[in-house]
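Read through the structures below before going on.
What follows is chain A paired twice: with chain B in the first complex and chain C in the second.
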Partner chain A sequence: MPPPAPTLTTTTGSVLLVLSIVVPVAGVLLAFALGDRYCRLVVFTVMPFGIAIAAAILMLLPLSEGHLVYLLGAWPPPLGVALRADGLSAVMLATVAIVICAVAIFAATDFRPTEAKTRAPFAFWILLLAIWGALNTIFVGGDLFTLYVALELLTFAAVPLVSLDGRAETLRSALRYLLFALLGSVLYLSGTALLYGLHGTLDILLLSHRVSVEPGALIAAALMTTGLLAKTALFPLHLWLPPAHAGAPAAASAILSGLVVKGSFFILLRLWFDVMPALPGFAVPQLLAALGAGAIVFESVVALRQERLKLLIAYSTLAQIGYLFLMFPLAFGASGRLESGQALAGGLLQAISHATAKAAMFMAVGSIYGGLGHDRITGLRGVARALPLSVLAFALGGIALMGLQPSGASLAKELLLQKAMSTGQWWWAIVLQAGGIFTAAYVVLVLAHALAPADEPIALISPASRSRDLAALALALCSLSLGLMPWEHYLPLPHGGALKLFDLDALSKFLLPAMGGATLAILLSPWPHPLACSAVWKNLMRVLGPFRRTCLGFGGLVERGDDALRQWPAASISLVVVTLLLAASMFAANS
Partner chain B sequence: MSIATLFEIVLAAVVLGLAIWTITVSETYSAAVGFVAYGLLVALIWVRLDAVDVAMTEAAIGGGLGGIVLLGAAARLRESEAMTAERPGRVVRLCAAALSASIAMVLAVAVLILPDPAPTLAPTVISNAGATGLANPVTNVLMAFRAMDTMLEKVVLMLAIVGVWSLASDQAWGGRPGPRHEADPNGVLAFLARLTPPAGIVIGIYLLWTGADHPGGAFQGGAVLASMWLLVIMAGLADTPPVSSRSLRLILVAGPGVFLVVGLGGLCFGPAFLAYPVAFAKPLILGIEVAMTLTIAATLALLLAGAPERSATR
Partner chain C sequence: MSAVTVFGLCAAAAVGVGLYGLITNPQPLRKIIAFNLLGSGVFLLFGIIGRRGAAAGSGNDPVPQALVITGVVVAFSATALAIALTLRLFETAGSMTLRSRAPTGPNSDPSAG
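Moving on to the complex of A and B:
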């Protein structure tokens, strides 16, 4: 796709882009001014407007040749700031609107305004709207500094969500998150300053015409990329994510894991695919994907060793963040630049699938936690009978991520695999398959425990809430049906659809990873299996026993290695090393 | 070599030395003091670079208010500092130092090879100043050309307040932030807190007003007002307002709120969101800045005061 000609005029209907930012921000101000009692009301008033705006942008975009531009204050760039939307922005805007609304419905009872004033509802509802506004700004911002401001908005809205319950432990996670995210901000900002010094503009479109292969731009790219990687928690810059996402209240975890990490990821896409597609050369995409592969292997193994369900999902989020980075080498075309094609579409689809499915799974786990009073995997027996809807939502979200057609993840995997084959990069095809198998492993592991019959009926400490379960279920179903959406209007998909739904080998494509996952779960999870007393299991263990012990030992080693990487000294050194590596490989590729 | 160059060399050497000392010194309190001095000296560098607006902001935030936060935190940590003797090993520290130095070198190289003269928007900014009627180019960029960024930054400040307040315990929610300060009513602090604010308030308002045509503006003015308010609070002459107070909430949203309303006015009656009609540009911008100054002053002071700790009645 050739870069679009610079459009320096406002297009019709693009006022929607302004509204997509202004409406949530106005909600934030209103909720803050009105105070505790009305916060939730403000959010539920803003919600229909937000959805309507996202839907209107989705409908308007194909009518206006796939581009919407709005010049703020009628000042054209480089002096002023433009808002721009393309297909990627439109689908992300819609995703965020849907996930935020589902989470709001889920959280409505947990964070209801009470007579005894508490701070948690006040903070939660304001921050929810702020995250919405920040993400929308990221999706439609046309200027690298505006994106920085949006990133700050996102960070400052996300960090307090982590410590919403006020325990000392979550406070420590929040502080860890804040400090590391600020390091990322500094790196991104210094890169932005360098780019302004080089080209006198930060407008994405203008920069894309001016940036050339020169040392300053390469250094700026390395700094900004590392900063964004730190905020996206790509391995090995992931020290902050597991405690933060596992310690937050369920609704907050759903937002943090589903949406917030996608914000910095989206800016990374803008940077590489729009601002400087010619800069990375061959090595940098390979390096990014190698880190992604490291995340998939390391964090999946660590996830399978977790006893607490929330931590398990938090670690699997890390693995799936790694999965998102596999698109970079696949998008690297014969022209020597990153091409906005099938690989980008696949990567973005995976991000959207993960956003919806992961939010649903965190919400389901929140319901399970609320019902049982704990979320230990070993104590899940019989929960499927006590909380059927929650377990169903978890299962559907997990199955969607495992890639059962027509889920978004299956479509994404198909697109990426095709691209890996057509570019001859078979090694990434292996990693893609491994990612699918590891996802299957943890879903199967949890379901095996949850579906096992209990010896005695479980006593729930609080009854299941229908609306909460339905919100999670709706999101999971949404993720499961993403493959049916008309993506070709918004994403650069190959012509003619290219993908047959429900063909014969679709089932095998789902079942093989599922079986591989089940094997991995048996081999790598140290917790006693729910069927451990059955004869089949004992026979199986007689054969697999020694091998399983070896695997468990390996898993232990990986966990210890990951633990070491998540200490401050190691993580900070990783941050600097990644910056230098990125810069060095770009210099090597372009010299 | 002229006197000015000599001064610059000495300044650079002192700033670098102070920076290294701040990093290497083992006691947190000394590091905080070093950082405050560092902030003030960096402000001097900005003055030398003719960026007076930046210098004032750096002095106010890096040297002033940021310094108070750091010193307060260091004072709190002082007792527990001796116990947390956990330090990374020598190899790790050397490795970190070497890697950080190489990053600094890469940055220095990047800055040195920037094109000279730098591509800049400054002439465009000045030639478009007529649209707002303000002569200070920095104010024009902040309030007109990149107004969206400024507005969103104010929302970030508000979120910081929400973040700090969310650290309160549920019992104290809605109460007054920070401890109740008691000072000798006849002491030096109380004397200063009576003497300085009248002048300080005038200076704050002047900085806001002069920001239209000269260095200054809402942020600098707001920072001065905030420090005056804090002085009075610390001297025990006034108490922090309860966070549930409606008028306080209104002041805290006034800046971004007025900005948003004026922006929407541009959308409804003018050419675009955040566009000002030429005839009313200056009064509109000044109106926004007045609201922003109040918001910034209240926000900065409350950020320093901390989370609600006491019920409103005490």
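Moving on to the complex of A and C:
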């Protein structure tokens, strides 16, 4: 797929790209100026504008040949800076607008303006808008340095969200997050310095015409990729994510897990698919996907061993991030050249499905936590009766991620599997299936506990809030219906590749992973099952007992290994090793 | 040895020392200082790249300088945020260690739950 010729003029309607950045940032300033009392009002005023801008870009894009360009100050690159939107940015802009609005509705009661001396609501609403602005800048930025600044803004807005409640534990995880993210951004910055030195521009479109195979470009690619991997928390550079995402308030976790990690992932896509599509060779995509496979296996096993629901979801986010990286070898194929956009479309769809579904699940868990006062899996019995809407939202989000048609995840998995078969990389097809089964495992595990009947009705410490549950439910339904959207206007989908709805084959594709997941959940979760007293369970354990003990032992080992990898020295040494490995494999492929 | 080579070696040394400090020092404050050293190395690299433009006969290339100034602002805000967090951590916890002592996994006996 050759890149389009550089457009050196501003296209009509592209002022929307500027607005998509200016409107949230103006909201930040306004909320800051108006203070505690009005900051929530400002957010709810900005929301409709943000949605309208994203919708307008979505509608305008097919009319203007698939890309919008805005030259700031009418200076063309390489002297000026361009904002560009293509299909990828348009769908991501829309996703972010939807998720942010759902989270804002969810958080409206939690973070209402108070007379008390707490700064948390004020900080939350301002940071929400700041994250929105930073993400929009990442999606429309047409220049590697603009992307760097946007990425830093995103980090600076995300870090305080982690420590909103000000406990020592969350401050510690926020500081770890910030320091590791800074290490990643310095790596990215040094890569841009090298690229500027080689080619005299950082504009993505100009670079894509100028980049050739030479040592400097390969080193720059390795440095930038590793920096972005650290910010995306790909295994083994994931030390900061679980405590940060599990310690934040539910609304903040939904944003962090659903959207913030997608920002650096999106820049990684820009880097590999737009700036240097001819560079990686065979080994680098395989290496990225191997790290992804490691994330799926390691982090899923650790997730199944968690007692706290929020930690379980945080670890499963790590596994899902690994799943996103499986698209790289499928997109680049055996020749190491960018072959088709189908895998890219699949990967992006998976990212969007994950953003919506995971945000919905974190919000549902937030409601459960608010209702019960705890989020221990073993204490979830009877919660389905007490908080039916929250559990329904969690279940729908989980089912969407497991890939029940017509969810976005099922379409994404279908696209990636087709590509794995057509490029003859059957080993990634196995990993894709395993990822689906592990996802099913933790969803089934939580639902089994939540749906088990309680001996006596559980007392809620605070009543369920209808608006919170509906926001989570709407987002989960959105994820579940993503497969029905007209993606072919925005993503490079094959013709006739749309889903066949509701046939028997599709049902089996959903049920088989679900059964596999249930087996894994029984084998790997150390917590007593709610039905542990029943006769069926005892008979099952008589057969499976020794095998389950072996699996639990294995799980314990994996967890200890993961703990060791999440120590600071181990993680930062892995960072150096990953950089060296990436550089070495690129040199080997291009020598 | 030309000036560009000398500055290049200095940049490499700053990056190396900063990276070493960031990996090995357990104290957040030292990590922040190490990050600044690492960042200065990269900014110096940008400066040398501007000089290389000068060697090509176009005067000094102003774009890397603009990038460095933006980068310095970003690094400054990062440092300010990190120090604010460190201070809050010290006020709340009375120590500045980054090691979390709270259990992050099911270290307790599962059968007891």
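FYI, the second predicted complex is superposed on the first by the 581 of 591 C-alpha atoms of A that agree within 3 Å, B and C clash if a C-alpha of one lies under 4 Å from a C-alpha of the other, contacts with A are read in each partner's own complex, and residues count from 1 in each chain.
We take it that contacts are C-beta pairs under 8 Å (C-beta built on N, C-alpha and C of every residue); 3 or more make two chains touch, one makes a residue touch a chain.
All of these numbers come straight from a predicted model, not from anything done at the bench.
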| request: Quick one: classify A:363 as touching chain B (first), chain C (second), both or neither. | output: neither
| task | For A:130, select first, second, both or neither according to whether it touches chain B, chain C, the two together, or no partner. | result | first
| What is the contact status of A:261 with respect to chain B (first) and chain C (second): first, second, both, or neither? | neither
| Is A:558 contacted by the first partner chain B, the second partner chain C, both or neither? | neither
| message | Is A:572 touching anything from chain B or chain C once the two structures are fitted on A? First, second, both or neither. | response | both
| request: Report for A:197: first if it touches chain B alone, second if chain C alone, otherwise both or neither. | output: both
| Does the superposition put A:412 against chain B (first), chain C (second), both, or neither? | neither
| message | Going by the contact rule set out at the top, does A:163 touch chain B (first), chain C (second), both, or neither? | response | both
| request: Could you look at A:26 and tell me whether it touches chain B, chain C, both or neither (first, second, both, neither)? | output: first
| said: Going by the contact definition given at the top, which residues of chain A touch chain B in one complex and chain C in the other? | reply: 145, 149, 152, 156, 159-160, 163, 166, 171, 190, 194, 197, 200, 569, 572-573, 576
| request: Please give the residue numbers of chain A that touch chain B in the complex, ascending. | output: 10, 15, 18, 22, 25-26, 28-29, 32-36, 70-75, 78-81, 116-120, 122-123, 126-127, 130, 133, 137, 145-146, 149-150, 152-153, 156-157, 159-160, 163-164, 166, 171, 190, 194, 197-201, 215-216, 219-220, 223, 569, 572-573, 576-577, 579-580, 583
| message | For the complex, give me every residue of chain C touching chain A. | response | 15, 19, 22-24, 26, 28, 31-32, 35, 38-39, 42, 45-46, 49, 52-53, 61, 63-64, 67, 70-71, 74, 77-78, 81-82, 85-86, 88-89, 92-93, 98, 100, 102, 104-106, 108, 110-111, 113
| request: Under the touch definition given earlier, write down the residues of chain B that touch chain A in their complex. | output: 88, 92, 95-96, 99-100, 102-103, 106-107, 109-111, 113-115, 118-121, 124-125, 128, 144-149, 152-153, 155-156, 158-160, 162-163, 165-170, 173-174, 244, 246, 249-250, 252-253, 256-257, 260, 263-264, 266-267, 271-276
| remark: chain C partner, complex, touching residues on chain A are 145, 148-149, 152, 156, 159-160, 163, 166-169, 171-176, 178-179, 182-183, 186, 189-190, 192-194, 196-197, 200, 242-243, 302, 305-307, 311, 376, 378, 526-528, 559, 563, 568-569, 572-573, 576
